[in-house]
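Here chain A shows up in two complexes: once beside chain B, once beside chain C.
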Partner chain A sequence: MEAKKIGCYICTGCGIGEALNVAALEKVASKEQKIPVTKSHPFLCGTEGIALIRQDMANEGVNALLIAACSHRNKTDEFEFNIPLLDRVDLRDKVLWVLEDGSKDSTAKEDLQMMAADYLRMGSVKLKKMNAPDPFLESGFSKDVLVVGGGVAGLTAAKEVADTGYRAILVEKSDQLGGMVARMHKTTPTLPPYRTLEDNPVQGLIAAVEGHSRIKIYKGAAIHKTQGAPGLFDVTIHAGGTETTERVGSIVLTTGYNLYDPAKLDKKLGYGSSPDVVTSLEFEEMAKAGKIVRKSDGKPAKRVAFSLCAGQRDSNHLEYCSAACCSYSLKHALYLMEQYADASAYILFQELRTPGQMEEFYRRVQEEGGVIIKGDVEKVEKAAAGGLTVQIHDKLVRGKEQLEVDLLVLATGMVSSVDTTDPNNPSPVGQVAEDAARYVLNLQYRQGRSMPELKWGFPDSHFICFPYETRRTGIYAAGPARRPMGIAETITDATGAALKAIQVVESVARGAAVHPRSGDLSYPSFRAEGCTQCKRCTEECPFGAINEDEKGNPLFNPTRCRRCGTCMGACPQKIISFANYSVDMIGSMLKEVEVPAEDEEKPRILLFACVNDAIPALDMVGQNRSKLSPYIRIIPLRCMGSMNLVWVADAMSSGFDGVLLMGCRHGDDYQCHNVRGSSLAETRLSKVSETLDRLQLESDRVKMVEVNIMDADTLPQLINDFAAQIASLAPNPYKEF
Partner chain B sequence: MAYDLSFARDVYKNSEMGHWIKMCKQCGVCAGSCPLGPHWEFSPRQLFQMVRAGKKEEVLKSHSMWMCTSCYNCIVRCPRGLPITHIVHGLARYASVKGYADPDQVTNRFATRIFWTNIVSTGRVGEAMLTMRLYFVDGIAAGIKQGLEMKDSALGMLKAKRLNPIPLRGKIKGYAGFQAMLTKAQELEEKRESGV
Partner chain C sequence: MADDQAAGQTILVVGGGISGLTAAVEAAEVGYKVLLVEKDPHLGGRVAQHYQYFPKLCSPSCGLEINYQRVKNNPLIRVMTLAEVEDIQGTEGNYTVRIRQNPRFVTEKCTGCGDCSRACTVTVPNPFNFGMNEIKAIRASHAMAYPGHYFMDAAYARSAEAQTLVSVCPVGAIDPNMSATTLEEKVGSIVWATGWQPYDAEKIQPYGFGRFANVSTNMRFERLANTYGPTGGTLTRPSDGKEIKNIAFIQCAGSRDHNHLPFCSRVCCLASMKQATYVRSQFPDAKVTIYYIDLRAMDRYEGFQKKVEADPSITWIKSKPARIDEDPVTKDPIVVGENTLTGVRYADPYDMVVLATGMEPNSATTARVPAQAVAYDEYGFVVKGGQVLSTGCTATPLDVAAAVQAGTAVALKAIQSAARRG
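Right, the complex of A and B next:
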């Protein structure tokens, strides 16, 4: 590989040239950091500026770029040179805009210049320590997609995968495709104007899938084992007495849902006390068979009560809303009213929730005469004339009422079908409920054989930002396997997951990461001889990317890796690194900051900020021209999970007076892009007081805060308060050592 | 029997705008929007659910639908687009027709005994006579007391030419036509209410 030749380009536009002594900065780069090519330009992102850089790349052999201008989140298209070695130093958003206030005060000007020079130093060192990543490429990558579960979600996913030109392998445990929806009479509307029942889509979907040349189907099948990683999954399938191993690139998990067991419901709902108390599925099957009748005597059932939330949103049963039951109960009411002109349909609800476009359908059912009642069933008794007497607590007319009905239909909720037994007692965020699981995929991962769950047993990942993602790279959950949802949403969901499954096989083929560091070609490597087999990296990886080899050393699966660097942060031996990101790189950067002598009374505070949320928030602080302490120095991290404690010790021994870590929110409503990064950083930090004690320093010099991308308004105060608190302590005695 | 729908179905059919009642989704925005809300026994939301629950006696004997001042706040805000003001007036009319309305309920009394006779006699509203009849409806002493209480307002309105002091100005032009219109309207209304 040719030698690295760095070019440093300082933009003097946007007021940088007026506020800073650019000649001095150039000197920092060329003399102090010995960067061979250093230039400045008044409009670097303009045509001329870009041409200047390109010329040097062509004529001077510059192959690594240090661009000192605005935030790396600006002008990304302009500063795209298709080279792996490029770093941006932010002189504008995080220096000029947070310090410059037009004063002629010489101390302020000096502080501004010092901050800019420090960032330039850090950028130079970072680029010097950075190597071009060598992507992980192997022969044997498969681009086929395995779809597990042959219901509406699975059929849709397989069809979408195949229609896009990829091969799909569909595995269904029963002998027939179609899943739960196959048992239904009609479906709630999926198309405008969202007012009419639609014919069951399952038969059409099955025909399309069975006739597709790019879809291979296993029926009556079970997955015995899934080993490997994206691009290299080897899945052992048992079907019809034979065992087959399929190599696939990615997996879409569409195992659907189970219905909550009605026998477990409260006695007051009356299930089992009379044949006229039925579940929604029983009502559905009755409608499909043609006639809605009292089960007890076969007489027409014209007065029917539908009890929504039969166990849902009840801490004794299912704590969560099952999302689809309100809509399907409205559908059942319509079945009834379409069958009998003089029917009475009573819909007993807690809150009628009609996600998607179902409000239109709700309107339709009311137009037809469906009566909604907000209330609970308190008692169910057999009526003398047949049918039931249902005592309700009617919250709308504020009293107890007796309903005479022919049938009471209980809308039971959806329970996860993926590796769970007790939906109300999920394992903590990011961990695997190993003992209770039934292993849909039986993953051969060191972290466990089941899919990690988010909440209530569902293997969902982040609740808003990353639909379909699970904590197992290359495995995407869709439909009610992911979280409770109705048919329209399931179809959209399965289509989305199919696209994610294709995206991952294509990324793997290029050696690139998927979300959130899409396109990143680096991956972790480790120096085996330094490993003490402490297993922290294998335990802490949020995606279970690391297995163990037979000697007990970590065995990286690069295609499972999301490049967050959590392993690097976890390693006490500091032997895990990426070509372009390492413990040494960040450590060297912070050591490059010039710390003023104790008597100058200029403290230095190091900010480690997550690039996903804290850095954009800091950019916005600059855009708002909010003022920050001139004593802070910011180092962006891929994820707080990559924060290695040695940096805190390094910062203290380099004379920094305080360290502030800014990670994403963690816990149940986490916002960390890598699930557990910020929470792991906090756990590690709880041990930092030992280090500080050893150095005989106050433990409140180091603090971690949760920062949201929307926090630009509160961030300045948070940072400045911390700076003031640090200033109130005596200076770090390790300065000048 | 609770939620027997025969009363509700009759209201849907025979009360003006009554068919809208089945569309109420019980959000309560009308109750929260009504400036007289705290003074109603039942809010529109409750009235509508009571209709659906088959509580005929309670609904029709209630004074609630007579409390509406037609400010239209509820209509503007109803997320389902129910013409609530009109539905409520319809229910008041329905209660009258069915013989449930209390003749001494103040709004009913004003509307049927004072306002109606006033406008029908001449074809226009005579403000002075209307006000007098309203004030003296509970007897002479009460009338004088209320008149004195309101005298400043009355003088102010006189000055601003918002009150015509001449009690009787005779009938409007084309009074016969006006009467014919009323007769026809009543005829149509009776026809509708008899369900023909």
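Right, the complex of A and C next:
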């Protein structure tokens, strides 16, 4: 590989040249840090400034760039040179804009200069320690997509994958495609004027999928094992007595839902007491078969009560709402009224939920004569003349009332079909034989065979902004397998999941990470001889990317990796690193800070800040021109999860007086883009007092706080209060060493 | 798509809100070229104006920042702001579009130093805060705006002072003489993601918005709660700056109503529950009343409703209020109506009343699709069957997570569409 030649370019625009002694800074870069090419320019992001850099790249062989100007979040297009080795030193937003003006005050001027020089030193050593990532590429990558579950979601995903030019493999556990929707008669309106029932789309989808040259179908099939990683999944499928292994690149999980067991419903709803109390699916099947009749005697069922939220939104049953039942029940009422001109449909609801244009369909059912009652079923009895007497409580108009009906239809809810596990209680790999039936994918992952659950058994994403983000890279749940949803939303969701499945195989083929560090080519490597088999990395990886061999050595799966660096932060042996991010790099950066002697009374505080939220918030502090303590030195981290405790020890032994860590919110409503990074950092930090005790230092020198991206108004006080608190302690005695 | 010819096609995404932004980055990260056209000076659309998202009560800027990084890091995405699509010709796989680039009056040389804004003496009602405060006539839209280049209001650009700012800018980025330009682009497929605007609350006459100072709307309330909003995030009311400790939310204000928006906007119930938490967390002694028809917290969001319902300081009244009066002395809005469950009539005063207004699709009004064959429903949502693909709240009212799902799905449809030659 070509030798690294660093060029350091200091912008003197935006007031940098006036506030700082740039000549001295150039000397720090060239003399002290031995950067071979060091230059300054009054408007570095302008045409001439960029040309200056390009000339040096062309003529001087500069191939690594240290740009000392504004925040790395500014001027990204201008400072794009298509090289892997580039770092930005922020002299403007995080030095000039947050410190007191030094034009009249010599102490302030000195502080400005010291901070700028330290950041330049840190940037220099960072770039020296940085290597170009060598993307992880293998010859065996597959771009095929496995779709698990052949209902509407799975059929849609397979069709969309194939229509985009990729191969799909569809695995369905039953002997027929179509899933739950195949049992339905018609579907609710999706097209204007949103008043007419639509033909069930499932037969058309089945025909399209079965006739598609790029779709291979396994029916009556179970997945006994899913090994590997994106691009390299080896999936063992059992079907018709034979075992087949398919290599696929990614997986869409569309196993749909199960209906809540009606036998578990409250007795007052009467399920089981008469054949004329049915579930909404039984009613669908009856409508599909053609005749809506009493199950008890086969007579026409013209008077029907529909009870919504049966065992739903109820802490004794399903606590959530299944989203689609209100619309489905309105549809059922319409089936009835379309079949019998003299029908009576009573719809008993708690909150009638017909969002969007579905409101128009609700209106239609009311116009057709559907009786909509806010109320409950209190008692169900067989009527003397056949059918049922249903005692209801109408909460709006009539109070308690008896309805004589032929059928009572209970809208039962959707239950997750995906085996999910609490990540804190993973199912161990290779345990019992019946696992194949218990686990949908049977993942051969050290962190368990199941998809991690979010809530109520659904493996949905926690992220509002990134609903396809998953803790198992390359595996995307869609449709009611991920959370309760109706058919139209399922089709959209499955299409989106198909895109993500294609995107991950294309990213893997380039050796690139997917969200949140999309395009990142780095990945962790480790020095095997240093490993003590402590298993922290394999336990802590938020994405289950690392397996273990029998001895407890980590087995990295780079294509599962999201490049957060949590493994690197977890490793007590400091043997895990990325080409461009390592324990040594950050450790060297903090050691490069010039710590003033004790008698100078200038404490130093190291501030580790998450690059996702805390760093943009600090940029805003600069934009607001809020003032920060001149004693802080900021090091951005990929994620707080990558924080290795040795840095705290290094900081203390290097003479820093305090360390402040700024990560994202954790807990139930976590905002950490890597799920557990900030939470793991806090856990690790709880053990830091041992280190401090060993060094005979006060434990309140180290503190971790949660920082939100919009906290620019409160950050200055938070930082300055910490600085004041540190200043009140005696100086770190290690300064002398 | 496997073949290179198709991959050479550009996908045009119109609208840089959460749906369009998602469609753009998701398609580009598969490997397709994207042209993202946004009419405002910044991306982020409606969500950028929100203080927090339900159910996590987290800042939209957090996810937007990740998306902006994805845009910055991806050379396949080209962003045009202050731009509008004026004309679409051709067919699937082979469109020619005409785009109007409105003048920014500040070039990309801008470093965001803010010298011009500090020198500028003219303020204008801040559109980002719905005019509830004033902002400089040359500025960035808001603290997290991306792109970060400043812009100048067109009216100000014609002033004498604008000319004097040219010399204030240390890098020569200001050009008040800039004019609009048009350009033509060839694209393979088109995604319409122009989003929504809050329904005009003044049209709901009995509620007195516009006449009564302390009757506000849900989108305005998002800005009021925001640190960068007109009050710096302190919840005080416009008439006298009094802290808002007794507040009412009126659901379906102009929604599910044939005189206004006949459909349900899906998010307003949850948005009001969320806004109730803003008030309750700022003032522990505050009381909240929510007037509703049906509480629509679908699927997992039910858990959020349960969480908010657990707060005893929040009262829920099933009722669509008849009207709002105003106490002439205190300027307290008085909500008048009948409780549907109890039949009891009420006339209750509040410090502030927030109207939970719905989403009116921009494609119904200011962002019609300039093409021959476009399918709209009667509300102006763009539906299947026309020349353009629609997504997000341009197709149906959605919450943010569902809009992102839709934006991701449409990215795949756009990839397929770009490959089809009509």
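Just so it is clear, the second predicted complex is superposed on the first by the 611 of 737 C-alpha atoms of A that agree within 3 Å, B and C clash if a C-alpha of one lies under 4 Å from a C-alpha of the other, contacts with A are read in each partner's own complex, and residues count from 1 in each chain.
Here is the rule we use: a contact is a pair of C-beta atoms (placed from the backbone, for glycine too) under 8 Å apart; a residue touches a chain by one contact, two chains touch by 3 or more.
Nothing here was measured: the structure is a model prediction, and the numbers come from that model.
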item: Contacts of A:Cys465 with chain B and chain C, given as first, second, both or neither; value: second
item: Partner chain in contact with A:Gln573 - chain B first, chain C second, else both or neither; value: neither
item: Partner chain in contact with A:Asn612 - chain B first, chain C second, else both or neither; value: second
item: Partner chain(s) touched by A:Ser525 [first = chain B, second = chain C, both, neither]; value: neither
item: Contacts of A:Leu396 with chain B and chain C, given as first, second, both or neither; value: both
item: Which superposed partner A:Asp77 touches (first chain B, second chain C, both, neither); value: second
item: Touching partner for A:Leu352 - first (chain B), second (chain C), both, neither; value: both
item: Chain A: partner with more touched residues, chain B or chain C; value: C
item: Contacts of A:Ser689 with chain B and chain C, given as first, second, both or neither; value: neither
item: Which superposed partner A:Asn21 touches (first chain B, second chain C, both, neither); value: neither
item: Shared chain A contacts, counted only where both chain B and chain C touch the same residue; value: 352, 363, 396
item: Chain C - residues contacting chain A, complex; value: 1-3, 18, 25-27, 29-31, 53, 55-67, 70, 72-75, 108-109, 111-114, 143-144, 148, 170-171, 226-228, 232-233, 256, 262-266, 294-303, 306, 340-341, 377-379, 381, 383-384, 396-398, 400-402, 404-409, 411-413, 415-416, 419
item: Interfacial residue positions of chain A with respect to chain B in the complex; value: 344, 346, 352, 362-363, 366-367, 369, 371-374, 394, 396-397, 401-404
item: Residue ranges of chain A touching chain C (in the complex, touch as defined); value: 13-15, 43, 45-46, 70, 73-77, 80, 92, 160, 163-166, 191-194, 313, 319-323, 351-360, 363, 395-396, 455-456, 458, 460, 462-468, 483-485, 489, 492-493, 495-496, 498-500, 502-503, 506-507, 514-516, 518-519, 612-613, 616, 620, 623-624, 664-665, 669, 671, 673, 708-710, 712-713
item: For the chain B and chain A complex, residues of the former touching the latter; value: 1-3, 5, 8, 22-23, 25-26, 45-46, 49-50, 52-53, 55, 80
